[in-house]
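Take a look at the structures below.
In what comes next, chain A is part of two complexes: it sits with chain B in the first one and with chain C in the second one.
Showing the complex of A and B:
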């Protein structure tokens, strides 16, 4: 009986006659009544309780809290080539749509972004919380808002990938005692290009960069060229990343000549990696002290520029040498990191509450993800609540394919 | 053995030799001290072959003497422990012996014990024939006199019942709805128990025969007349669920009911407080159960008792557990939760839980490593030569 909790993956069904047990949610915090609804028509109920048709994060408010909104596929391709968590990407592929739940932490973050003053140095927002509560997803939601507002996005999906498991570690060409990671840098540059295509021709470099004896980028060249340089010449890609970040820092806020001001959103997931220990070693088994990419990112984190915002999220899952129970900022960032990040605005992310869990459950039912008939009953729902304690990632894994 | 026998022979010859010498020579009072060869043989020669002699026979006077000694010893023990000799029961004796002779042996039957001789010495039949060798019982020569006499009695009763039935029919008072003997909750005595009752060995076939005869007796109407006789051969089964100790329901200062229970599994000890507060929080050793048991299997174990009685979201569990590994800790917590639930649940549910196996403590522990082997079961590499 207990073993029957495993669900089987299903392809897209055509819902002809479906009997739902809808829990009628009037607004947040009110009582739930059980109403049985029978849809006799062929098309599914377009405005189910757990979905909202509002696709623009700008207009999301508390009223939408707990409801799913659909990410437009075009946006997903552009904005999040590798930005979304891998399991969520699988889910998008399975369900043929990317739906994100509107939750209070993301709403809070977006409201701060709306009200911030962009002539001042950027505010740093740190999303923190227990494992699997939805920090990365909230970050992605806020980033979607920035994208729809036309900001320039600098998104590092997981900073931990830059401090561990790097296949190639080259000594830096420009500075001794620094190390380059060509593969990671070029990968990131490619993604950056896809996300911010329209800005690439508009922005120009402010100084001359010399890469090798024969190659250099002159002042006033469009940023796109700089990026191509980095993508083509892997050896200097890490330095290119540093240059790009520097350019963006200088030009954000539109104080310099560029046509139209743009706002810069720096989003880093797993920001505690920047100040932690690396697990990388040189050939003769000693740890590199400085990695070019990490060094440049750290400079980015400082708020000595203006015209943007720094959105970060902590992450324990990818971190090296950190205990599993650590989730608070001071534990994960360490002393050094905490001092560098200070002052920041902490935003806490927690497990689903009743309404959000309800919503997620209904969404899975709607997508026919919960196949077992027992899961449709109250009993099954209580079992699910117990086994995952309303933790989003554990719920997702619980309902996952075998 | 051979050497000693040689020596023995030699010594005998020597003795004869010495005797002969004595005869030849005139008997004088001072017989020259002849060296005597001590016969040294192994003690195995002197041991009697006990198996060949048969089981020990205890005479009646021996048993009586043992009984007297036991009674006197009981009074001495009572005086030693400072209690009243008149009201000194067997449990008191057991307690006192355990106190005076503490034993670390695992096998309970190997520990020192002081019981009535009837329980210690096996029951033996008294002598069954008189001074002239004539047996008392008419069925003695069957070899199993008590068994056959029992069968004989039962058949007598069957015949008597048939005669009674005929009488009733003649009088016209025959009814087939007579009082039936209640047989639920009891079982026939086992073969070992019958053997103990009859003080004889019987075979499986004999036992089956006897049970068939008793069943025949039961199948007749008017069997209630022999109810007392039949019940002698039936043993009452205990109601298992009455054995479980239900923890007491206590009340918080805020009025919330809670109960406390323990559970154990394979060196892991768990102790929990189950509160009837209406939320489903579970805290183990101060941490959330989601953090303490990242494995789904362990959380399913915790869920099982609550899901079985259907009270998933109702209780708050606050537990502490130590020892062993994660699986054993989950098992210990499960047992503790089931025991604590007993006080919130009705009698029928208790029986269902017992049958589901929620209330049984898992007796499996790590098996001991034996000498001459790698582990408990694994042997060293076997080499043919």
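Showing the complex of A and C:
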């Protein structure tokens, strides 16, 4: 009997370990089921603890943190034809679905958006963090929330593209010392039209705009005409962008009638581009004094309007003349930028924690992305953790080659 | 490369001390060109996998390493031709090839095919991945070249006795 007791005592630790793991899976399964009961959505698959069936960002909460939710394809086409990071677009194409992880910074941002008072001037939110931690993805998550709530979206996917590598730099038609970028402006207007189709016929201009001696847009015309003017006539497209932004600012919070009221979400990725130096040069190789697009965006960043929110994210990867180690708002925005953006709500984005890494790993396994047999073992997983330090973008690049 | 040439660039007098970073530094890591090919191959296969119905999914191979090994196998010729001179004339004689020679020929054909016969504006890793996927399915120019070599060897069977080794 003593021998039997000893054997049982020696065996116990293994049994408890198995039980513990089972409980762990069960508890997250219970979380999933509790959430499913709340939202009354489809039957959750007990094997996929890293996925959630809740597709509406409005109902995402702490319980969903670390789980992947699917972006509906219709929304991706309308809202994000150009806004997602290029590697993520490749991933959507490969996996035939777009899944975004619900993470604390995005949840924080969405909770602020839910509770803000929209009769006051807009709050500025700045997402900052080290390279590759998921600032753009969190911004896109929050933007998806705004889209599902029916806001008007002004999304500049990367402000750095407007201060470097521009093929054409024309002197502005309206003001002598300013410079235009017709290609970027018309590209942005086309994308703006795709995202906000339904608002274009409802909103009207409040002022007469004169483009050339023969062309002008009268007061009271729908906004769609203004945008068509900018897309067709490349020469005045940057001025059209300025006019559109001005109209939106004036009409955002104003009317309380049913038809006219809308909330404006201004989302700028790489906002530190607006106050940095440009790498563009005029034909005689001197620096341009002012760029129309940048000037209009800077005016948009000031909070002298009401009825919306300004979501921004810093970015070091596309920035010019900034060292790679700089990631804090102070360093990237510079003095001028920091003073113009102040006061703002900073939201820090960091690397994955244990649970999020686990979730990402399981997602890649599920989508049969990790093919190397060693990467599917426990040691392989530890090696991955060591190599990427749980940084999302580095993990993605590592797993691509495995 | 850098780790192997380290012994050539040690400071050769006690008073000498290197001040600058150079790519002959033993801690320099050479860039790895193979991971792009593997990634493109995997992407194409995984995309095909996710878009196909459940019945066909088991047949699609997604592991880029197995695809590469299998494609290389499919490109290796079994028998080769050697030029033998007899009685003033030189004949193409079918001859067995060693394993090394087979591997070498398969890789050489893949590389030359990608360099010469593909569109100018694509990257080498893209061209390689297309060719490897075609070879995995036993199609494409390299496998055709191997078959041509086999046919030539079969046609020249009569001269097999000219081989004396």
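One rule holds for everything that comes next: the second predicted complex is superposed on the first by the 348 of 402 C-alpha atoms of A that agree within 3 Å, B and C clash if a C-alpha of one lies under 4 Å from a C-alpha of the other, contacts with A are read in each partner's own complex, and residues count from 1 in each chain.
By our rule, a contact is a pair of C-beta atoms (placed from the backbone, for glycine too) under 8 Å apart; a residue touches a chain by one contact, two chains touch by 3 or more.
It should be emphasised that the depicted structure is a prediction, and the values quoted were computed from it without experimental measurement.
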| item | value |
| --- | --- |
| Touched partner set for A:325, first chain B, second chain C, both or neither | first |
| Contacts of A:90 with chain B and chain C, given as first, second, both or neither | second |
| Partner chain(s) touched by A:382 [first = chain B, second = chain C, both, neither] | first |
| Touched partner set for A:58, first chain B, second chain C, both or neither | neither |
| Chain B versus chain C as contact partner of A:391, first or second or both or neither | first |
| Touched partner set for A:232, first chain B, second chain C, both or neither | neither |
| Chain C-contacting residues of chain A that also contact chain B | none |
| Contact footprint of chain C on chain A as seen in their complex | 90, 93-97, 367-369, 371-372, 400-401 |
| Partner chain B, residues of chain A touching it in the complex | 2, 5, 324-325, 379, 382-383, 385-389, 391, 394, 398 |
| Complex contacts: residues of chain B adjacent to chain A | 280, 287-291, 296, 299-300, 303-304, 306-307, 310, 312-313 |
| Complex contacts: residues of chain C adjacent to chain A | 35, 38-39, 42-43, 46-47, 49-51, 62-65 |
